[in-house]
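Structures are listed in the sections that come next.
You will see two complexes here that share subunit A, one where it goes with subunit B and one where it goes with subunit C.
Take a look at the complex of A and B:
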């Protein structure tokens, strides 16, 4: 009998930083590139759903978000369908949810 | 001037001892932070002082605006040979100033770089053609003020170019959640201001030089009043 894997939960504020910012690692220590490489991709590699808790930070810049989420699409390691099926975004801010979905969608094209 | 330099730490930064402490109301409230990277903790800790007095959405918007301004500085403001010359051996530096006075929070971030009109076409974010087309579409000449307008408009409409270039648009959007929010962007000889849904752009004879972004938003001592900020 196959067992469903437990989702991996990333709480950005607790597991990464309350102060995200910058696109590339050369921009700053809590950049979108670093979040993608050290948190998002390893979580996706585990194979289960990935729940990303976005509340609790001071906010997000568009460069951080685009590089983290658009960048994972551009990496080609996961299909758009796979990301759609496995990424679960949790936020109290609907505009933040929409913005990330926009980056995921735009990066496909 | 001594009081201003002492208050924002200029004298301390250059190793001069100064015992002046300002009592002037238009000086004593200013705070300064500076850096050469996108350092969210410096902008975030500034905003944390107003926890409970700034609507959550406004705080997030301001944080996003500050961190994007830092990122723009690090990525674009000091590019090219002319940009390198402007680094003055202190890196791709930004300065962040803040003041709370009379229930108004003012946050300003500036650099001494090449300015938006120079960085926009060479950033690789938008092609020269896209910038030119945008200016033509707006029916305006290529001035510093109109370069700011074009950068904001391109950021609003062209987010599909690897998702880049949205930063300046975010910077302007940051204050939209505040009833009396205002943002001013000065870059070289141009200035763009937006408040209460209206925008103005104009050019001056003298250059800033570099770029300064200046937000003003209302804050309150009464947590019940936070709801009046459109969160």
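Take a look at the complex of A and C:
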């Protein structure tokens, strides 16, 4: 009998930083690249859904978001469809949600 | 204990009290009428004042939104005129991101006031214009004043402000238009064949 895995929850403000910024690791210690490699990809590797709580930070730059989420698509380890199915974005800012979805789907079009 | 007041004794005897005898409603009519008109006038004035206050609050919220966008563009211009490694650019970057994050709650405030604003696309495009590309990259060089980046950010900011301004005006106009109209004196007589041969706009 198969068991549904518990979703992995990443609260960016609590589990990563309140000050995410920069694209590459060379740009700062809380860059999009580091978030992708240390939080996002390991969570996706566990195989369950990944809930990402985006509220509570001091704001996101598009460079951070593009590197974190677009970078996962570019890595080729997960298909855009798989990412859309497994990632659950929680945010009070609808424009932030749209932007991340745009980075996730850009590889499809 | 017995009440022995003179008034009580009058009532007991079945005679009307002296005051009731001289009560003349017609004498009070002008005063009642005046009080009625004062009351009605007060209601009308209060209603208009409240409406003006709501309109003014909505315009204030739209002004605050515009000021925030202008601040962001001004800070972003300063930011891109500095090199990425400049210590001042780090604090500017944090302020820019924080202010951009405040835009959606401001839209929520307008929506709470009944303004139908759909600015999520415009906010996304604005954020991408300001904080995309090499934003916060340490290796980024200072941009020259002639860089098209500044025009791009300014244009995205103006688009966003325009959307909000237009939404505010549109809602205020709609509210004026939806005021209850006076009933026509005569009901219009329907024309017998007026609608024949006319198709709905979507089918034309």
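FYI, the second predicted complex is superposed on the first by the 106 of 109 C-alpha atoms of A that agree within 3 Å, B and C clash if a C-alpha of one lies under 4 Å from a C-alpha of the other, contacts with A are read in each partner's own complex, and residues count from 1 in each chain.
Keep this in mind: a contact is a pair of C-beta atoms (placed from the backbone, for glycine too) under 8 Å apart; a residue touches a chain by one contact, two chains touch by 3 or more.
All values reported here derive from a predicted model rather than from experimental measurement.
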| item | value |
| --- | --- |
| Side-by-side fit of subunit B and subunit C on subunit A, or clash | clash |
| Touched partner set for A:29, first subunit B, second subunit C, both or neither | first |
| First (subunit B), second (subunit C), both or neither touched by A:66 | both |
| Touched partner set for A:21, first subunit B, second subunit C, both or neither | both |
| Partner chain(s) touched by A:8 [first = subunit B, second = subunit C, both, neither] | neither |
| Partner chain(s) touched by A:106 [first = subunit B, second = subunit C, both, neither] | first |
| Contacts of A:98 with subunit B and subunit C, given as first, second, both or neither | second |
| Touched partner set for A:58, first subunit B, second subunit C, both or neither | both |
| From 25-33, 151-159 or 169-177, the subunit C stretch with C-alpha clashes against subunit B | 151-159 |
| Residues on subunit A lying within both footprints (that of subunit B and that of subunit C) | 19, 21-23, 26-28, 58-64, 66, 93, 96, 102 |
| Touching residues (chain side subunit C, partner subunit A) in the complex | 84, 93-94, 96-101, 103-105, 119-121, 123-124, 127-128, 130-139 |
| Subunit A to subunit C touching residues, read off their complex | 19, 21-24, 26-28, 57-64, 66, 92-96, 98-99, 102 |
| Residues of subunit B touching subunit A in the complex | 37-41, 43-44, 47-48, 57, 59-64, 67-68, 70-71, 74-75, 159-160, 162-164, 166-167, 170 |
| Touching residues (chain side subunit A, partner subunit B) in the complex | 17-23, 26-31, 58-64, 66, 70, 74, 93, 96, 102-103, 106-107, 109 |
